[in-house]
Every structure is written in C-alpha cells, then in structure tokens.
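Presented below is the structure to which this report refers.
For reference, chains read A, B, C and D in written order, and residue numbers begin at 1 within each chain.
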C-alpha cells in the first residue's frame, strides 16, 4: 500500500487517533529478521538496521512495524521489508502464518524482555530470507549484514534497544544456532 | 483481572470507544481449543461451546476473546478459558508464546477462512489441555466434549460460524490427527 | 551425494543391511511438500508426484526419503527434492530445523494415520517452496501441480497411499488453508 | 515398556547390533526439557540431571534417549522422563508432534552445536512440564531445579556436554525468555 493509498483510506488513523488507541489497546505488529541463506537454507548473515533515534543516539534494529486495518499479516511483512530494505530486496515471505515467537512489548520495562515506551505492542515475529539487493530506506542510516556469531557479540547486543537483541537471539535459536 | 478492576482501569474502553477502534485497527484476540488428554498427551476429546447468537440461532464455538491493554497473552488465554469454562477448569496454559496458527478474521467474508462481521481481528490460536471440571459460563448454553472424529462431522462443522470449524480442523491437524 | 559417492561411503548400507535395520530400529525420514508461492508467500499450487507402485497401481505421493548416516537433515531435504523434481527445481530449503509435523509411519496400519509396510519410519515434514523448473525424475511418472482446493478433492486423496493424503491436508492446515 | 518386555521383544537390539546400526544409520532420539510451571504457564524452574560420566567426571544433562522400534514418539518421551525422574513425576507429554527444534548430534564435533561421540543421533526436542514429585533414577546422581536465569550461568553451561547447554538455551528462547 503506497502512502497515497493510505491517505485515501478512511480506515487509516490520524496521528491523534493512533495516539489515543495506543493508550487503550494492544497494537498488532510484525517483526521480521532478514537473513541471507545459501542453497541448503543455512543462514550466512542477518540484516540489522542502523537507525538514528529521536534522542540522537544511533541504535540497531530489526525490521518492525504495525499491521494496518484490513491488511493481511503477510502483506504487512512485505510492506515493512520493502519500506526498510527497498523495493529490490526480494523477500521470501513465510508460507505459514505460524510465527517463531510472539514478542509482547510493554510500555513498562521489565514485564517481558521487550519494551516500547510508546505503547503495548504485540508482535508476530518471522525470519525472512531476502534474495535481492537491499538498500536502507526511510530513517534507516545503514543496513549491516552480520554473521550469526557476530550477532551474539555483546557490543552488537548492547546497541539493540527495546529487546531487539533478545528477539535476534531467539531467532538464531529457532534457526538451530548456538545462542 | 476482575470486572471491577476493569472498570477502574483508565485504559479500559467504553463500548463506543471499542466500536470506534474496531473501525480503525486490527484487534488482537486469542483463540483456545480446549482438549482432554490422557497421560501420554493423546487428545481424547475437544471442548466446543454451544452459544445462542444475537439472531436466536444456536451455534458452536471455540473459546475466543480479546487481549486487553497491558494484559499478557497468557493471562488473556487464562481469563477467557475461566470465563467460558468456569473457575475449576484447571487449564494448562501453553508454556511457549508460539501459537499453532494465527487466524485473521476479516469483516469481509472470503478474504481468509475466518470472518467476523464486527471487526478485523487477528487471533493467536492455542490448543489448551484442561484437567478440571468445566461448566459453561456466561452466555454459553452448554459445553460438549467431542472426539476428534466427531469434530470432523459435517453436521458439527456446519454449526460452527466465523471459520471456527476451519480453526478446529487446523488444530486437529497440528495435533497429528487426520483431517 | 551422487550414487557413486554413496557406493564409496563405508557408512552406506547394503540392501540386506538396510532390511535388517528396518526390523530393529525406527528409520529417520524427511517428507517435503513442494509448493509454488507468489511474492506474498501465498501458496498457489502443491506439487504431487505420480508413481507406479510395485503392484502396477499408479498412486500420488509427496517427496519423501531416508536421512543417511552423517547427513544433515537440510541436505537430505535438498537431495530428495533434486532426486524427484530434478536439478533445476531451485527448492528453498527451510531455514529452521523445526518441522511443521512429525509423521510416524508404522508397518501395522491404524497405529497412526501413516503407514509403511516396509518399516517403522519417523519423518520430519516440511513445506518447501520451489522456484525453478521441475521435471519428474527416477521412478516418478509425472508431477502434477494442484491448487490447495484440488488437493482436498476426495479423488485425489483416495490416490494417496501410506497417509500422504493426511500429511498433505496437515500441510495445508499449517499454511492457513481450510481443510 | 518394562525392561522385561524389551527382552522378550524380537525387535529389540543386542548391544552388538545397536553398535553396528550406529555405524550405519542416524539413530532417532527424543530430548526433553523438564520444567516447573505456574498456573499461567510461566516457567519457574528447569530440571537438569547431574550424571557421572564414564570418565568419572560429573556433568549436567537434559532428559534424552532413544526411540525404540514400534514405539510412538510420545511413549518414548514418557518412558525416558519416567526412567530419569521417577514414576511420580507426572509429566505433561506434549499434545502436538511438532518439536520446538530438531537437534542433530554428530560423532564429529563442530558439524552442528550437538555432539555424540557414539553415534549420529537426530533428536526431537520438547519442553515438558512436570507436575509431580521427581527423584533422580538410574545413573543420575541428582536432579537440580534451576531458574531460567540460573540456566544461563556460564558455570552451568560449562558443565553441560554434547551441546545440551545450547539445547537448554534454545528451549528457553522458545519459551520467550531472554537468552
């Protein structure tokens, strides 16, 4: 769905309406862990975004975003991957609706490993192989491809906010990697 | 969370606010398929609720309900099972957040196998063994325990609305049963 | 692994040794359900093999085969897909070792929905998108691409032996399809 | 299946036959991670066995063992839990055949995170809540209940051989814990 279509959609929320809803309802998200795979399905690298936060601090993030009203989960995964990795990323959207985990982001830190100061978000998390050319879009400064071992580096983990470091490790565990 | 606590909670929604949100956002649900299991974990029976619909028609349903703001998914599963099966059902809430499927209910029939005329709901679906005494509560007329084979009966399936018949078959497939 | 390599491998079993092992141990298998998917990950077709059985009867089958000694599960999936669909099938081997189900084939019919008169086989089952050209190989007469709805046709199901019809339905359920 | 029944079973393997099979075939195993859960399904503790190895060294292990010929996977899980935790452990055997992961133990270290010097074993791994009294049996010296945080302690991890430390972390990740 292009920004233009979104503007035309009466189901779309104004900033004020979204803020109001965030005070009242859990918001449905998708999290995607982009990976490079070889012909045998073995993961060689994980794509991590570098973002400039509102506080001017640079942090690392996975692909993440809201599911819109009337939007299929698979379309939300595709839309957020294209938004962050560009239109040539050729993501292989999962064939099954079963996520590898469900991450519950609470505005209060410590309820779960996941934290979002803006809202209570519940996110369906998927590992998504991408086969094409990726170029960071929007507010992403850069996209780094890390080996599974590099993902576990304490320095990398420390740069991941909101529990994305935990989600990345859970994804690697799901892929059969040591964590 | 008791009804009293809910009333006190400023995060709780009035009927009007919920109706407004339903026009704008996907609403997060949990679906639970209550089952009786033997010591080996084999399912002997599936619990299906008999409900009187707003149109006076009786239909069969699985346990289903909304996740509240600030509520953990596991607490929502427990709350809805207690609400429908009573406080002595002793449900064994799943230890992992990974659902066996995610059911996308659309207000427009035919987009997915799941349909909800009131809203776009996205539901995390779990199979939940219950070990205690179950007695239908609230607006449920009865709770029937069906064998896996009985669940597949076309008559039973025809009495299940909104795609709950499909969800029941998907649950049985996940349990290793022929469907 | 080519047939030649297999002959050189001291870990490889003679026909007699394999027959003896089959009397004593569960044999590890992989089952693969080949699918065609669109850019959104939605399944448009399922690949089903047509085989001539030892009794001269034609039956429909999924891709299935043994895991060899010292072979990774992902390599076994790849090997059997190439063996049955040809070297240009470009299968997208699953990135996670978690199968969607485990099918237990017993020599005695009725213990589970799965049956193999030759042996007790336990099979890790995966859905595998294939992106390339498929041409049936070996003893497969043909490869038919069926829509998910066609897969559920009683005529198609009746032509699938050993419980492969059940496994196909379980795969469709895992993919979110009505079954 | 009692030891006596096993002796009577012509399908049972002598030590020599098992050793021969181990040179030729992947051997099917189940791994079980015993956990204590509260009413909400949250894991409070993980059961880890203390064993005396053949080299006189004490190590920590998860419940693990072979699937026998003609044995259902769920019966193998139950049998090994009873063998290691005693007959009063009241394990809640998983209702679905879908394991949270498949661990491939290779005789050559480094092929996967899992290693078994005796054989190529492929293990279906499950998290199993136990509700009753557990007392270590057979060659287990003790059973320790560790909190999820204690499981991640480098000292505990260092005492787990054959990749069981990795499997324990993968189980915790599947349960939604930080790892």
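Keep in mind that, in the parts below, contacts are C-beta pairs under 8 Å (C-beta built on N, C-alpha and C of every residue); 3 or more make two chains touch, one makes a residue touch a chain.
On a predicted model such as this, the values are computed, not experimentally measured, just so you know.
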Equivalent-chain rotation between chain D and chain A, CA atoms, steps of 5 degrees: 180
Comparison of A-B and A-C by number of C-beta pairs in contact, larger one: A-B
Chain centre separation (chain A, chain C; CA means) in Å: 33
Distance from the mean Cα position of chain B to that of chain A, given in whole angstrom: 28
Per-residue overlap in chain B, given as positions that touch at least 2 other chains: 72, 96-98, 100-102, 112, 174, 176
Residue ranges of chain D touching chain A (in the complex, touch as defined): 101-102, 112-113, 163, 166, 169-170, 173-174, 176-179
Chain D residues within the chain B interface of the complex: 35, 37, 39-43, 72, 74-75, 77-78, 92-98, 100, 127, 129, 174-176
In the complex with chain A, residue positions of chain B that touch it: 11-13, 17, 21, 23-28, 67-73, 96-104, 106, 108, 111-112, 120, 122, 124
